[in-house]
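Please find the structures below.
In the two complexes that follow, subunit A is the common piece, with subunit B as its partner first and subunit C second.
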Partner chain A sequence: MKKDTIGEPLSRVDGRLKVTGGAKYSGEYKFPGLTYAVLVPATIVNGTVTAVDIKAAKYAPGVLAVITPFNAEKVPGYQPDAKKPVKGLKLFNDNQVHFNGQPIALVIADTFERATYAATLVKATYQVQPFETDFRKNIDKGVTPNAGKYKDYVRGEADAYKNAQVKIEQEYIQPSEMHNPMELHVTTAYWEGDNKVTVYTKSQGVMSSQRAIAAAFNLEPQNVLINARFVGGAFGSSLRTWPHEIAAVQAAKFVKHPVKLTLTREQMFTLVGYRPLTIQKIGLGATADGKLTGITHESHSQTAVYEEFTENAVNVSRFLYQSPNVNTRYKVVPLHIGVPAPMRGPGESTGAYALESALDELSYALNIDPIELRLRNYADIDQERNLPWSSKHLKECYQLGADRIGWANRSPKPGTIKDGDWLVGYGIGCGAFGAYRGHAEAKLKLMADGSINIQSATTDIGPGTNTAMIVIAADVLGMPAEKITFDLGNSSLPPAPTQGGSSTVSSVGSAVHDVCVALRQKLYTLQGKPRDSMDEIDYAAVIKEQNLPYLEISVGSESGDNAKNYSMYSFSAHFAKVYVHPLTGVVKIKNLIAVVDAGKIVNQKTAASQMKGGAVGGIGMAMTEEAIIDNRFGRYINGNFADYHVPVNADIPQIEAVFINKPDPVINPVGTKGIGEISLIGVAPAIANAVFNATGIRVRDLPITPDKLLS
Partner chain B sequence: MNQFQYNKANEPHSAVKLVAKDPDAHFLAGGTNLIDLMKMGVVNPTKLVDINHLPFSKIEKLPHGLRIGALVSNSDVADSELVKAGFPLLSQAINAGASPQLRNMATVGGNLMQRTRCPYFFDTTLPCNKRKPGSGCGALEGINRMHAIFGASDQCIAVNPSDMNVAMRALNATVHVSGPKGARGIPIADFHRLPGEQPELDNTLKNGELITAVELPYSAFNKNLSYLKIRDRTSYAFALVSAAVALHLEGETIKEARLAMGGVAHKPWRLSAAEEFLKGKMVSEGNFRQAAQIAMKGAKAYQYNQFKLKLAPNTLIQSLRIASGIAAS
Partner chain C sequence: MPEKETPGVPENENILSGTRRDFLKQSGFLTAVALTPIGIVKAAESHLDEKVAAFFEKMPLKMEVNGVSHQLSVEPRSTLLEVLREQLDLTGTKKGCDRGQCGACTVHVNGKRVNSCLSLAITNNNKTITTIEGLADGDELHPMQQAFIDHDGFQCGYCTSGQIMSAVACIHEGHAGSETEIREFMSGNICRCGAYPNIVNAIQEVSKGGNKA
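The block that comes next holds the complex of A and B.
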C-alpha cells in the first residue's frame, strides 16, 4: 500500500525562478518591433468627447498612432449585431464618458517614455453633463439588481429581530478598496495576419480570456493564443478581460506591430475594479439566553452607470448561524465611477464584517462570551438550502483558535486589560465560502525515463498551483515530486476553469488526480493485472517492457450527482489579539490566528503561505485601505501608493495558520474545499471586535485608523 | 513630463548662476520629490541643475555644534555617530520618515525644500493656490483630513510634510545658503513660512539661493527626547501629527523644554508657550497635560481634521511621557 504523501510541505516548484528573476511575467516578453501603448484618461466625469486634438501627439517623436473614438477601427464584438456582444465599457467605440479617468485615447510609440510624453499632448474637448459620485447622497436611488429580477430572501418572518427580547440594529461601512496586486496589469499582443493573435496578459483564466478576445474580434477561439504563465497576484482583478486588454489587441492590429500596454499604478485605481463601498444594516434578535430569533441583513453597494456589478454581501447571513427567521435585502447604487470587480472573498468578506461585528455587539448586550454565543447558534445543517453540510468542523476551529490566542485571558468587560500603557483586546471573526468544483481536463505524458508531465489550462495567480498539482500527482502515482512537471497558463493546454472562487485545487486537482489514476489503471491493464491493483509501479520499466516511446492519457473531470445532495462550504475562524494606545489611537495587532476547515490540505507549506497572504489582505481591509473620492470633482484624491495605504511589513504580526485537515467526503476525490477566499473572510471583524474588547470603541466604518480611537 | 535641459554643476557658484538666471530652473538633489512632481506635471522646469557633485556631503564637527552638508543623504544623517550622540532627536525624526530606499536618495537640502503632499496640489486637474495662484484652495472645503490646524489661511491649509524639519525646528538649526548676492544663514524658524496671501511660497529662499549646509548648536537636549509620529500605518506614511520633544532635565525638574509639531501647519510648528510653561516645572502627567492645552491655543480644524484637535495634544503628551521616561517608547 502506498503511503499518503498529500499535505507534506513541499516548497514551490517555481520558487527559485521567482526569487531569481527567472520567472517571466506578461510584461517581460520582448518581440522584434515591440511598441508601447499609453492610455489617455478623461478629465471629466460624465459627458461626451466632442473632439480630440491629436496633432501634437501624432507628430511627437516615435509616435506610430493615436487611437480615439473618432478614428478607431470598429471592434466587431462592440457592435450591436455582434454574435457575442462584449459586456461593459467599449473603449473608443463611442464618445461617451462615464467616469473620471476613463480612457479616451491611446497613444502608440516606439518607446514607453515617448508614448507617455505624447499622451500628455492629446487634448480633448468635452461636453460636460452633471454627474453623481456621492454614494451616501444617492443611496435612496439604489436599484434592485438584474433589472429588478434579483430576489430578496426571506426565511420565516421578515424583520423578526424587531420583536426580540434582545436586539442589535447597526450600520457597517466598507469603503472602496482598490485592486493593487504587485504586478501591474499589462497586456502584450501581436497579430499574425488578420485572423490570428497571440496575447500575453495578466489573466486568472486563459480560457475565458481566449473566449473574450475571440468574441471581441470575431475570431475562432483556437486562433487566439493566451499566455499567462506567471501572474504577479490578481485577487479577482483579472477574472474578466478588461477594456484596456481589448484596446491593446486593437492597437496591435492597427499599427501592425506587437504592442505592450501597461497600466500605471495610478490607472490601477480606476481601471481594474475594486471592492465596492458598501453600507450594510444588520438587525439581530435573540432570546435572553442567546438564541437567535431573527437576522436581517441589508446592503447597498456602489456600481457603475454603464455596467452593473453585484456581490454576495448578504448571503452569509442566510446560513452561517441557525435562526428560524432570516431575511436579506440588496440594492446597488449606480454612480459615475469605474465598475467594481470581485476582490478576494468578494461580498463574503464585506458581509462577514457586518454580521460578525453585529454578533459581537450582541454578545456584549447578552453578556455571553462570543464563542459561546456562536456555539448556541451553531448551524448543524444549511437552513438556506435545507441540505446537510458535506463537512463542517467549525466547532473545532473555535476551540483550536481560542487555545492558541489565549482566549481565556480575555476580559468580558472592554477596556479592562492593560499591558503598560496599552489596552489589550481579543476578538473572533468567522467566515464561510462556497466550495466549488468545475469541469477541468488534464493531459498526462509518461516519458521513457519514467518522468511525468501533466498539462492543464489553469493559471497560478500566486497560491502555487503547479506545486499543489504535483503534490497530488506524486501522491497518486507514488513517485517523487521531482520527477513530475506541470504546465499551466496557456490556452492551448487542455481546458480548465478560471482561477477564482477558491476552486482550482478542487477542479483541476481532481482532473490531475483522475488522470493519474487512469494512468495507473492503464499500466496495470497493459501488465495484465487487475485495474485497481495497488502494486508499486516502476514507470520507466513498464514503458520499456511495453516498448513504447511514451504514453499519453487525457481525462475530463467533474463532480457527480451526489454533490447536489449536500451544501459545501469552507469555514474559518480568525482570532486577533490587539494592543491599542488610549492616547494616540495607535493599534498594534499582536497576534493573528487563522483556523480553517477547508477539507484536506494538499500542501501544508503553500497553504499556510496562502492563509497568511489572505490575512494580510484582511489587515489592509481592516486597518488601512480606503479610496477617497472628492465628490465635487468626481475624482479619487488618494489614487496612488503614497496616499492609499496598503499595509506594510511593520503592520503585520506573526500570523499562524491552523488547518483542521479532514478530507471532505463528498466534493472531490482528494477531499479539498479551497482556502483562497476564506483566508481573508473574517479577518476584519476579528480585528474590529478585538479593538472593541480593548477599548470599548466600536468601529463601524473601516478602516480602523487612529483618529477613530481617540477617547 | 516636458522637455527640459539638464546641467551638471561642478561648483556652487555656477549652480547658483544657472538657476538665478531662470525662474523655471530647479536644483536637482536626490530627485525623490522633484522628479515625481515633474511626472505629475505639477512642476515643469525648463532646466535642471544637478547639484549632486558639489562638495556638500560632509558632516563636520564645529566648536559649538555640527555642520551637516546639504547633500548628505537622510540615511547618512540618521546613522551618523556624531548626530546620534549630539542630536538623537534628529536621527529619530528622519528614521520616522519615508522608506529606507527614499532616505538613501533624499538629501538634507531636498528635505528642507520638499513640497506639501496636499492631494489638491498634486493633481493638476484640481484647484490649488499653491500650484496655480488664484485657482482656489481645493482642500478648504474638500477632503482635508491631513491638513493644518495652525497658521493656515483661507488661501491654503496645506502642511509641511517633513519629519526632519520638525526636529530641526526643535533643535534651533540654522540653514546656510549661498546666492547671487553672497552667503547667509537663516534661522530655521524663519526658513519656512505660513501661507498667508502667498501660498505659492513655501519658504524664504530667494531665487537662485542654494542650501549649502545646516548647522545645529550643541545643547543639553540629547538625553531626554522623543520623536513620536502618528500615522495611518506603522511605517511609510506621512504624519497625521508628530511631536518632537527634547527635555533638559535636572532630576525631576525640567530646566528647559524644546517642543515642535509636524503635520499641523505650513511650517514645522514650534510650541514656545508650552515650552515656557514647562520651564522649571516637575516631570508630571498633570504638567504635560497643561502644556498640551497651552500648545493648542489658536488651533482651528476643518471638516475632516477635527480629530487633530485631540490627536495633537495627546501625541504631545505621549511624546513628553516618553522623553521624560514615564512611558516606554
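The block that comes next holds the complex of A and C.
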C-alpha cells in the first residue's frame, strides 16, 4: 500500500530560489535594448485632455517616445468594430479623463531615471468637468447591477425582522482598501515582428492575460506568450489585464524595443483596483430564545463611472444562518474613481463583517452566548439554493476555536475583565466562501531515470501552488516529492484557470491527480496488469523494460454532474482575544485562532502560512487600512505605505491555524475546498466583536483606530 | 480631438545608440545656430555634444558588492537600488515602494542594514555592499536563509530578500532578544502576504541557536 503523502508538511519547493534572490519576478528579466516606460497621471478628475505638450519630454536625454491620446497608434481591440472588444478603460484611445491619476501619457527612455525625469516634463491642458467622488453624497445614485445574481433577493417575506420580538438594525462601513502586494505591478514586453509578442507580467492567470492581449492586438493567442513564473503577491489585483499592461505592449510595438513598465506605489492606489467602500445596513430579527426570524442585508458599494464592478457583498446573509425570511439588496454607486477589483475574500468579507457584527449585537440583546446563538441558527442545508452541503463542519470549528482561545474565560458583560490596565475581550467571526472547481489540464512526463515533470499553466502568487501540486502527485504516484518537478506560470503550458477564488488546488490539483492516475493505469496496462492494480511501481524500471526514452501523458479534468446536486463552501470560524487600553484606545491583538473547514489539507505547512497571511490581511482590514479620498480634489491623500497603514510585524501576534481536515466527498478527487479567501473572511468581525466585549464600544466603521475607542 | 501629431520619436534618431543633450537642440537651438561657429552645430548634429555631456553627467563609483569590486559610472540621481537591479543585474534586492517605506530593498552597507532605495548610489563610494545574493557561502545557505525555509517565513517571496537582510542585521545589532523586540525591530519590513509570525520564529531560532548570523 502506498504511503499517504497528502497533509504531510513539505517545505516550499521554490524556497531556495526565494531566499537566495534567485526567484525572478516579471520586472527582472533583462533583454538587449531594454527600455523603461513611466506613466504620466492626469491631474484633473473628470474632463478632457485638450492638448499634451510633449516637446520638452521628447527631447530630454534618452527619451525614445512619448505616447499620448493624440499620437498613440490605435489598439485594435479598443475600436468599436473589434472582434472581442476590450472592456474597461482604454488608455490613450481617447482624450477623456474619468478619475484623478488616470494616465494621459507614457514616456519611454533608455533608463528608468531618464524616463522618470522626462515624465515630469510632460504638460497637459484640460477642459475640466464637475466630478463626484463623495460616496455619501451620491449614495442615492446607486443602481442595481445588471447581472442576475445581483438582483434583489427575497426568501419568505422582506424586512420580516421589523416585526420580530428582538431586533437589531445597524449600519456597518467597510472603507476602501488597497491590495498593495509588495511587488509593484510590472509588465515587460517585446515584439518579434508585427504578429508575435512575449510579455512578462504580474498576472494571476497567464491564460487570461494571453486572451486579453491577443484580443487587444488582434493576434492569434498562440502568438502571445505570457510569463508569470513568480508573482510577488496580488490578492486579486492581478486577476485581470489592466490598461497599463496593454499600454506597455503597445509601447514596445511602437518603439520596437523591449519595454518595461513599472507602476509606482502611488499609482497602485489608482490603477489596479481596490476593495470598494461599502455601506451596509443589516436588520436582524429573532425570537426571545434566539431563533432568527428575518435577515435583511442592503449594501451600497463604490464603482467607476466608466466600468461597473460587482461582488458578492450581501450574499453571505442568504445562506450562512437558517432563517425563513431573508432579503438582500445590492447597489453600486458610480463615481469618478478607478474601478475596484476583487480583493482577497472579496465581497464576502465585506458582507461577513456586517452580518457577523450584527449577530454579535443580537447576542447581547438576547443575552445569549454568541456561539450558542450560532448553534441555534445553524444552517443544515443551503436555504438559498435549497441544496444539501457537500460537506460542512462549522460546528466543530466553533468548538475547537472556543477551546483554543479560552472562550470559557469570556465575560458576557462587556468591559468587565481586566489584566493590569488593559481591558480584555473575546470575539468570534465566521465566514464562508464558495468552493469552486474549473476545467484544468496537466501534462506529465516520466523520464528514463524515473523522475517526473508535470506542467500546467496555472500561476503562484504565493500560496505554494507548485509545492501543493507536487504533494498531490507524490501521493498518487507513491514516490518521493524530490523526484517530481512542476512547471507553471507560462501560457505555453497546458491550459489552467486563473489563480483566484481559492480554486487552484481544487482545479489544477484535480488535473494533477488525474494525470498521475492515468500514468499508473498506463504503466499497469503496459505491464499487462489490471488498470486499477495497486501494486507498487518502479517507474524507472518500467520505462526501461518497455524500452521507452520517456513517456508523456496529458489529461483535462473538471467537475462531474454530481456536483450540481450540492452546495459547496469552505467555512471558517475566527476567534480573537484583544487587549484594549482604556486611556489611549490602543488595541493589542493578543491571540488569533483560525479554524477552518476547507476539506482535505494538502500541505499543512504552507496551508497554515496561508491561513496566517489571511488573518494578517483581516487584521489590516479591522485595525489599520483605509484609503482616503479628499473629495475637494477627488484624489487619494494617503497613497503610500507611510500614510496607508498595512499591518507590520509589531501589529501581529502569534496566529494559530486549525484545520478540520476532512475531505469533501463531492468537489474533487482530493477533497479540497480552498482556503485563500476563507482565511480572511470573518477575521475583522471577530476582532471588532472582541473589542466590543472588552470595552462595550461598538465600532461600526472600520478600521478600529484608537480615536474611535475614546468616547 | 486635435489633429494627430507626429509620434514622440524625433526623426533620424536611434536613441539607444547615443544620448542627446537638450541644451542645444531644445530651447537654445536657434540661438545656437545664430551664435556658434559652424563646427559646433555640426558636432551637435552628430550628437557629439550628447556623448560628451553624458560622460560628464555621470560619476565614477567604486563599490564592492558581494565580494566583487565594481568600477561603475552612474548618474548622481541613481539610487543604490536601481544600480544594483538594473546595472549589476542583482535583482534579488526588491523595489516595493522606492520611498523608504517598505524595506523590500534592504541591503547591508558596511555591515549595516540600509534601504537601498533611499541611498544615492554615489554616496556608496568605496563601501562594501552585501545583497541577498551574497549571503550564502557558496552552496551553503546562511542560517537565516535556512531558517526562513524551515519556518516558512514567506509566501510570494517578494519581501523575503529584505526580510532576511534585515533579520541578519537585527541579530547583529542585538535587537533580537525577545519576540517583542524582534517584532519591533523588524517592523520596517512589510510583508503583505503576512508571514510575520513565521519570520519571528525563524529569527528566534537563529538568534537562540547562536548561529554566526
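The criterion applied here is as follows: the second predicted complex is superposed on the first by the 706 of 711 C-alpha atoms of A that agree within 3 Å, B and C clash if a C-alpha of one lies under 4 Å from a C-alpha of the other, contacts with A are read in each partner's own complex, and residues count from 1 in each chain.
Methods note: contacts are C-beta pairs under 8 Å (C-beta built on N, C-alpha and C of every residue); 3 or more make two chains touch, one makes a residue touch a chain.
Just so it is clear, the model here is predicted, and its values are computed rather than measured.
Student: Kindly say whether there is room for both subunit B and subunit C on subunit A in the superposition, answering fit or clash.
Tutor: fit
Student: Taking the superposition on A as described, I'd like to know which of subunit B and subunit C A:648 touches: first, second, both or neither.
Tutor: After superposition on chain A, A:648 lies in contact with both partners, subunit B and subunit C.
Student: Could you say whether A:230 touches subunit B, subunit C, both of them, or neither, answering first, second, both or neither?
Tutor: A:230 contacts subunit C only, not subunit B.
Student: Taking the superposition on A as described, I'd like to know which of subunit B and subunit C A:663 touches: first, second, both or neither.
Tutor: In the superposition, A:663 touches no partner, neither subunit B nor subunit C.
Student: Please compute the subunit B to subunit A to subunit C angle from C-alpha centroids in the superposed arrangement, rounded to the nearest 10 degrees.
Tutor: 50
Student: Give one of first, second, both or neither to describe whether A:685 is in contact with subunit B, with subunit C, with both, or with none.
Tutor: neither
Student: Considering only touches as defined above, state whether A:705 meets subunit B (first), subunit C (second), both or neither.
Tutor: It touches subunit B, and subunit C stays clear.
Student: Thinking of the overlay built on chain A, is A:628 touched by subunit B (first), by subunit C (second), by both, or by neither?
Tutor: A:628 contacts subunit B only, not subunit C.
Student: By residue count, is subunit A touched more by subunit B or by subunit C?
Tutor: Residues of subunit A touched, subunit B against subunit C: more for C.
Student: Counting only touches as set out at the top, which of subunit B and subunit C does A:585 meet: first, second, both, neither?
Tutor: Once the two structures are laid over each other on A, A:585 reaches subunit B alone.
Student: Counting only touches as set out at the top, which of subunit B and subunit C does A:285 meet: first, second, both, neither?
Tutor: It touches nothing on subunit B or subunit C.
Student: Rounded to the nearest angstrom, what is the minimum C-alpha distance from subunit B to subunit C in the superposition?
Tutor: 5
Student: By the touch definition above, which subunit A residues appear in both interfaces, subunit B in one complex and subunit C in the other?
Tutor: Looking at subunit A, the two contact sets intersect at 117, 642, 647-650.
Student: Mind listing the subunit B positions that touch subunit A in their complex?
Tutor: Within the complex, subunit B touches subunit A at residues 1, 41, 117, 119-120, 123, 125-126, 138, 141-143, 145, 228, 230-238, 240, 307, 310-311, 314-315, 317-318, 327-328.
Student: Which subunit A residues qualify as touching subunit B in the complex?
Tutor: For this pair, the touching residues of subunit A are 43, 116-117, 120, 420-421, 581, 583-586, 588, 623-624, 628, 630, 632-633, 635, 637-638, 642-643, 645, 647-651, 703, 705-707, 710.
Student: Please give the residue numbers of subunit C that touch subunit A in the complex, ascending.
Tutor: Subunit C reaches subunit A through residues 1-10, 15-16, 19-22, 25-26, 50, 53-54, 57, 75, 77-78, 82, 85-86, 89-99, 101-102, 104, 131-133, 135-136, 141, 145-146, 148-150, 152, 154-161, 164, 182-184, 186-200.
Student: Tell me, which parts of subunit A touch subunit C in their complex?
Tutor: Result: residues 11-12, 14-25, 28, 30, 33, 35, 50-51, 54-71, 73, 94-95, 109-113, 117, 180-184, 230-233, 235, 254-255, 257, 262, 264-265, 461-464, 605-606, 608-610, 612-617, 640-642, 646-650, 652-655 of subunit A touch subunit C.
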